[in-house]
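Chains here go by letter, A, B, C, D, E and F, matching the order in which they are written, and residues are numbered from 1 within each.
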Amino acid sequence: MSSSNKPSWVHAAVLGIFCLGFGAMLALTNELTSDEIKARRIEDKQNSLAQVIPAAIHDNNPVTDVVTLVNDEGKDITVYRATMGGKVSGVAYEITGSGYAGEIKLMIGVAADGQVLGVRAIAHKETPGLGDKINVEKTDWITRFTGLSLGNPPVDKWKVKKDGGVFDQFSGATITPRGVVLAIRKGLEFFDAHKAQMLEIR
Amino acid sequence: MKLFPVRGGIHPDYRKDATSEKPIVALPMPAVLHILLQQHIGASAEAVVSEGQHVKKGELLGRAQGAVSAPVHAPTSGLIKAVTRCPAPHPSGLDQLTVVLEPDGKDEWGDLLPPIKDPFAATTDEIALRVAACGIVGLGGATFPSSVKLNLGKIHKLEMLLLNGAECEPYLTCDDRVMREFADEVVDGARIMAHALGTPKIVIGIESNKPAAIKAMTAAAEKVTGVVVAPVPVQYPMGSERHLVQAITGRETPIRKLTADIGVVVHNVATARAIHHAVRFGRPLINRVVTVGGGAVAEGKNIEAPIGADVQDLIRFCGGLRESAHRFVNGGPMMGQPLPSLNVPVIKGMSGILALTKKEANEHAPQPCIRCGSCVTTCPCGLVPVEMAAFIRNDKLDMAARSGVQDCFSCGSCSWICPSHIPLVHYFNYAKGALAAQDRDARKIDRTKTLVEARNARLEKVAEAKRAAAAARKAKTATPESDKASA
Amino acid sequence: MILAVGSLAAMGTALGALLGIASRYLAVEENPIELELAALLPGSQCGQCGYVGCAQAAKALAAHEAPVTLCPPGGKAVAEALAKKLGVTADLSEHEEHVPSIAYIDESLCLGCLRCAQECSVDAIVGAAKQMHTVIAEACHGCGKCEPVCNTMAITLKPIPKTVATWYWPKPGGSVH
Amino acid sequence: MTMLPEKSGPFTHAETSVTRTMTLVMAALVPATLFDAWLFGWPAIFLFITTVGSCMALEALCLNLQGKPFDRALSDGSAALTGWLLAMSLPPWAPWWVAFIAAVFAICVAKHIFGGLGQNVFNPAMVGRIAVLVSFPVQLTAFLAPHPLFAAASPGFMESLTITFGHAASLDSVSAASALGFIKTELSRGVPVSESLTKIPDLMDMAMGARAGSFGETSAVLILLGGLFLMAKKIISWHIPVTVMGTLFLMGSLFNAVDPGRFEPGWFHLVSGATFLGAFFIATDYVTSPVSKEGQLVYGFGIGLLTWVIRTFAGYPEGMAFAVLLMNALAPIIDHNIRPRAFGRTRKGEPLAVRGDQ
Amino acid sequence: MRDLILLIVGAALVNNVVLARFLGLCSFMGVTTKIDTAVGMGMATTFVITVSSMGDWAIERFLLMPFDLGYLRTVTFILVIAAAVQFTEMVIRKVSPALFQTLGIYLPLITTNCAVLGVALLLVEGKMNFIQSTVFAFASSLGYSLVMAIFAGLRERIALADVPRLFAGPPVGFVTASLLAMAFMGFSGMSAN
Amino acid sequence: MATSYTRIMKDGLWDNNGVFAMLLGMCPTMAMTTSATNGFGMGLATLVVMAASNFLVAAFRNYITTEVRIPVYILIVAAMVTLVDLTMNAWMHELYKVLGLFIPLIVSNCLPLARLEAFAAKEPVLPSFMDGLFMGIGFTLALTVIGACREIVGSGTLFWDAHLLLGPAFQFLETRILPPDTGILVAILPPGGFLATGLLLVVKRMLDLKAGKQIVMAGAHAV
């Protein structure tokens, strides 16, 4: 290792040059990869949307057909739209519920008639073995919402059984399902409230 | 009298009844006496007698050396058999320089110092010199030369002389008996001390479990002015001077300071009586009252024994042992030291000889500390024994010092209460000794360093001188050359 | 791209300059630990530690190359002081073996050659030429340097005897505590 | 005759011992334990036996592995007491394996890894309880309404064996939420506290013990009795129990006064959950609490406050065990900083000023 | 105000940097044998985290975001942190040479203390404003200091205990940390409310 | 100095193992070992970065002045991490989706930096590279073992989801050891990470003792 006792500018130069070199290297790599990465990101989105919007009901790429709405809490919601022959056949957007250990992010797909096309958990911190049963890889619980709508079951039955509703909770873990059910119900209400904007053809 | 609360402490089983009603009896003169030359705190006395010499009762055997020291005197007349090293009543069992005296049976007094006619007209120095000459040391256990304490009035503004009649140790009743039987002598001694100290007020603190002593002392006190008897609560270690002062005055002695710094001087009641004897009659301290007790002793007694008598003799005088003793203790069971053997002599500071049965000692193998905190609640010094012991056990003496072991005065309350039977005081005694040894070592190293420096300086000077000499020589040899050159 | 590389390089240069200046500015503060350690050692240069003298011993200590128990004359006290200074926990068990001792001169053997007195770094040996020498017990720190130089083997190192004044309770042993 | 002494004084000792201490604490637990055994029936009794048995067996095993004599495990009584308190903090009908795993955490992990009796820094019973609580939330929140022994609805001996040791049928049919759990669940559904309070047993029932809860925690009155007995015997002092319960009560009352819909009242905090058992028997554990009285006040205050915070704001309905563990963790720092004032010194450790009239 | 309090409690206790987020563990295990050292380390780290998070926030806000340079985030943040550490080193050396002697070898380690970079990355993730991010960084590092001190206190106690030889040192340290993490789980769910 | 590759290997894999001997890189060790698969993935990503950065530092070591060495080392690690991140994101996207989460965390893992300081700064290029490689392998093994223990006890499975990381060919690794829903949950929660590491340290000590080695009492941080 070089000894010290060198003038300050040497240190500055050494670090500067290293930054320059590695900065250039990174910038270059970024240049090379950024398009790839963008493409991958879109693919990912497509894949996750595909889980809540069946391929059969659209002929467009929902990732590129978006409208941005504002929900009750003033947050921007990006709504991906599936169209079939120019008509909006379904929409998908992110909803959040509050679980045992924080927010649960879900993606919900809703058909134009208000029926749930599918729900998937995207991100959550629920306890493995308890709350993570909302993951489709663990149990099929989350798929049971497909086909339901705000009137089916009636709004006051959109609860877990423990609270007098129709949805099973997990044994020993009620908070997570309660949060998810509530989130989905709110998501459907959001759809109801913004139906016009979502389905409007531009 | 208004009393003040004292922190912590314990209420052990006192077991004083066995001896408290036994009047003081004198020990028949034993066949031989072993008088240690150091029976006090400070420098050892220096023997002034030699083998084969005959001495009279009260004659000087060892002269005090230095400011803090005390002389020793012959308890009876007889022949000096030897001045040699003999086992001391010390837990180490190590030898100490001892005068061996064979009584001639005549018990003949030698020339005593003249009585001080009117002690209340004498100066402090006169009284202190007399007390020093008579070899009086604190009989409350600390054996600090009393004369030194009598001079405290010169440098401190004193308000009170406090006589310590607490006798808070279980078993011991010697002070109790002295107060009951010699109340007037005690009060007189106290008044002499107070005069020497220049304090207006004398308070005699007695634990309230000694009603007879309180009564006797009150009666004696009423005969004179300025002496008050204060019954204090029964709470070990009320006899500790700092705590007694706190109970009576409400003042707390700062650490590493004397009670004199807050205006109080404390003396034991038996010390007062010894001073009475020294001043009024010129008698040196040659005997003391010892409580011989404990469940293993056939019949407990309060014995006035000559200094130097064998412990074995005292026990024999009490009818020997009734059952085999588990522990022999010099002093009380709380603060006393174990005796290394029974063939050790009585010394000035020996207030009791206890032969304790296994049941009385109630010893158990130590278990791990369960952090019950009893020791913390109990410690009258506000220390945290559990923490100090843990540090010491793990050889972290410096941490133990920071945690305050050196403030501990080994009262034993913490060990007594510990449900895990951890020998806390033993740990602290070890640590205090080890820290003191470290301190000695450190000082030695410092001294070594100065000595090395001094030597180096000396060598340097010598070398310098040599160089100078060489240079001078060179100059000398060189000059002629230059002279030549110039010539 | 230029911006990325440029800003990164600029940051690097700035930081490098800062560090360079800092090192310059802080370089003056030399670590005085060696001197402090040397100050803790007895300074008798006796060499029992295996180094040429206390200064070398201090250097080795500072470099963590020697154990804090290196100095026998210093004993436990020095070892502990060193351990504290260096912020290490000392294993003092080895020190139990070293019993503090002092030198004794056997009067019958001493020729008064003065060799030992010259060797002693604390001037603990006194005596004039051709006369019996004695050791001042208070000054001797038991380094043993005098022992080998004596031709008549008059000098022995003896453990300092225990007295009632220096005795203290041993550490409680026993099962659990 | 010489007899070199190996031990310094004192040479007398109080009638105290570890075994005596532990035995007295167990004696103090007897009334509440008997009552709860009656209240919850055979399964609770089996659970108790399993827990205490596992703890003692594991203690013996751990000592044996370290080559220490293991008869101590039975004689000092600490393992039995840990097992006892652990059993009292579990739901009465918990299966045997819950008890066993809790005992492993209590005795092996929390106690013996640290060196055994007196060396542990966390309360073993509470470590055991929390370990199974976070591992088996289902079993640990399955409480039941009292099923007194020999009552018609309560399971018989054989049936009880299958509840504890066999594959129990779901407890759903008999399970009942504890009061704390009930209120928390209701609150998360938006039902105000003041309303759900009307649906729990009344104050008297809660205090006497006729409520759902852990095996040993329900009868506040009997636990109080045991606690007073310990105080009378000077095994524990008032400092920890009073500060724990006082703080809990004060926080409860204060916030309840501000918003009765959101916060439970102080009295409710006292009689629900593990307040009494925790305050008298668990927070007072010698080993894991500060040694000085001054420190114990801070410690008790901390437990009360944390229990209230966790009960009120956190995910778990009851916070006593967590609060105890959290304050256990702080105990060394409390001991480090809060100590008695040494005689003759100021709080900071400096010598007092001379002539200071104090 | 309420939000800020929630933010503080959440960052310091509920999602404690060390026990819940698993950041800064090496110093947590390494520098906690003495309370004083642990507190010193905690303070130094608090200082570094707070200062560097301000710098990081500015860089994120004014450089990375506007120019879409997200890929340089790690590199630039690390440079800011290195500078902050160096600065702290200078400060400690000046203010307390004793502290410097004990912390000396750990100071460079703060640079690699994941808590520092971790908190900075969490700030970005949480899209906080300047006040929020500074408060969050400070609270997180307070949480770090708190558990450092607590853990050091526990270890000082354990150092005096009869830990079985096989467990002495780091293993019992890990077990203690485990039980401490268990105790901190009591706070879980607190931010959700 | 003659370089002993055997020594480097032994150090990295066992004697001076990053996790079990030096107690470094603890954060990913705790956070990423909820399953054997996760531990393995994190280990792999770290391995690549360590080998590359050790190589680079050794190559440039003569140009780096003492004063700025830490920032330069960190810069190099950070650059390597970003490079790996970008590259994998673009061209190994499936793998990236699994590992992506871990990658930025490598920067602040103190193990790579410690090796740069302790080894690469002093040794030539090839030994440095090998050191990084074996330290990385040792790290990977440690994380995999811890992950396996926690996974078995906590979830009752082993190498679950391995196919996501390694491809469908490795599905055979996925084993279920206990029936579903019977794990001791605490093992995969934060306390379990500490506990498992502590207990495995003891296991290593027992093995070391058996092999006649001394117990090393302290990690790299102990003075």
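Keep this in mind: a contact is a pair of C-beta atoms (placed from the backbone, for glycine too) under 8 Å apart; a residue touches a chain by one contact, two chains touch by 3 or more.
This structure is a prediction, so every number in the text was calculated from the model and none was measured.
Asks: Which chain has its C-alpha centroid at the greatest distance from the C-alpha centroid of chain A?
Replies: Relative to chain A, the chain whose C-alpha centre sits farthest away is B.
Asks: Can you check which chain pair, A-E or D-E, has more C-beta pairs in contact?
Replies: D-E
Asks: I'd like the Å distance between the centres of chain C and chain E, where a centre is the mean of that chain's Cα atoms.
Replies: 40
Asks: Averaging only over C-alpha atoms, locate the centres of chain E and chain F and give their separation in whole Å.
Replies: 21
Asks: Distance-wise, how many Å sit between the C-alpha centres of chain B and chain D, to the nearest whole number?
Replies: Roughly 50 Å, centre to centre.
Asks: Just the number, please: Cα centre separation of chain B and chain E in whole Å.
Replies: 57
Asks: Residues of chain D that contact two or more other chains, please.
Replies: Only 7-8, 109, 115-116, 119, 131, 134, 137, 315 qualify.
Asks: Quick check on chain E: which residues sit in contact with 2+ other chains?
Replies: Only 71-72, 75, 79, 82-83, 162, 167, 171-172, 175, 178-179, 182, 185, 188-189, 192 qualify.
Asks: In chain C, which residues are in touch with two or more of the other chains?
Replies: Residues 4, 8, 11-12, 15-16, 19-20, 22-23, 87, 169, 172, 176.
Asks: Which residues of chain D touch chain B in their complex?
Replies: Contact set of chain D toward chain B: 1-5, 7-18, 20-21, 76, 78, 115-119, 237, 286-293, 296, 335, 339-345, 349, 351-358.
Asks: Can you list the residues on chain B that touch chain D in the complex?
Replies: Checking each residue of chain B against chain D gives 7, 10, 12-13, 91, 93, 170, 242, 250-257, 261-263, 327-329, 333-343, 354, 356, 360-364, 367-377, 379-384, 386-387, 404, 407, 410, 412, 415-421, 423, 425-426, 429.
Asks: Spell out the part of chain E that touches chain C in their complex, as residue ranges.
Replies: Answer in residue numbers: 63, 67, 69, 72, 75-76, 79-80, 82-83, 86, 89-90, 93, 101-102, 162.
Asks: Please give the residue numbers of chain F that touch chain A in the complex, ascending.
Replies: Residues of chain F touching chain A: 34, 60-69, 71-72, 75-76, 79, 82-83, 86-87, 89-91, 93, 97, 121-122, 154-155, 181, 183, 185, 188-189.
Asks: Flag every residue of chain F that touches chain E in the complex, lowest number first.
Replies: Checking each residue of chain F against chain E gives 23-27, 29-31, 70-71, 74-75, 78-79, 81-82, 85-86, 104-105, 107-110, 113-114, 186, 189-195, 197-199, 201-202, 205-206, 215, 217-223.
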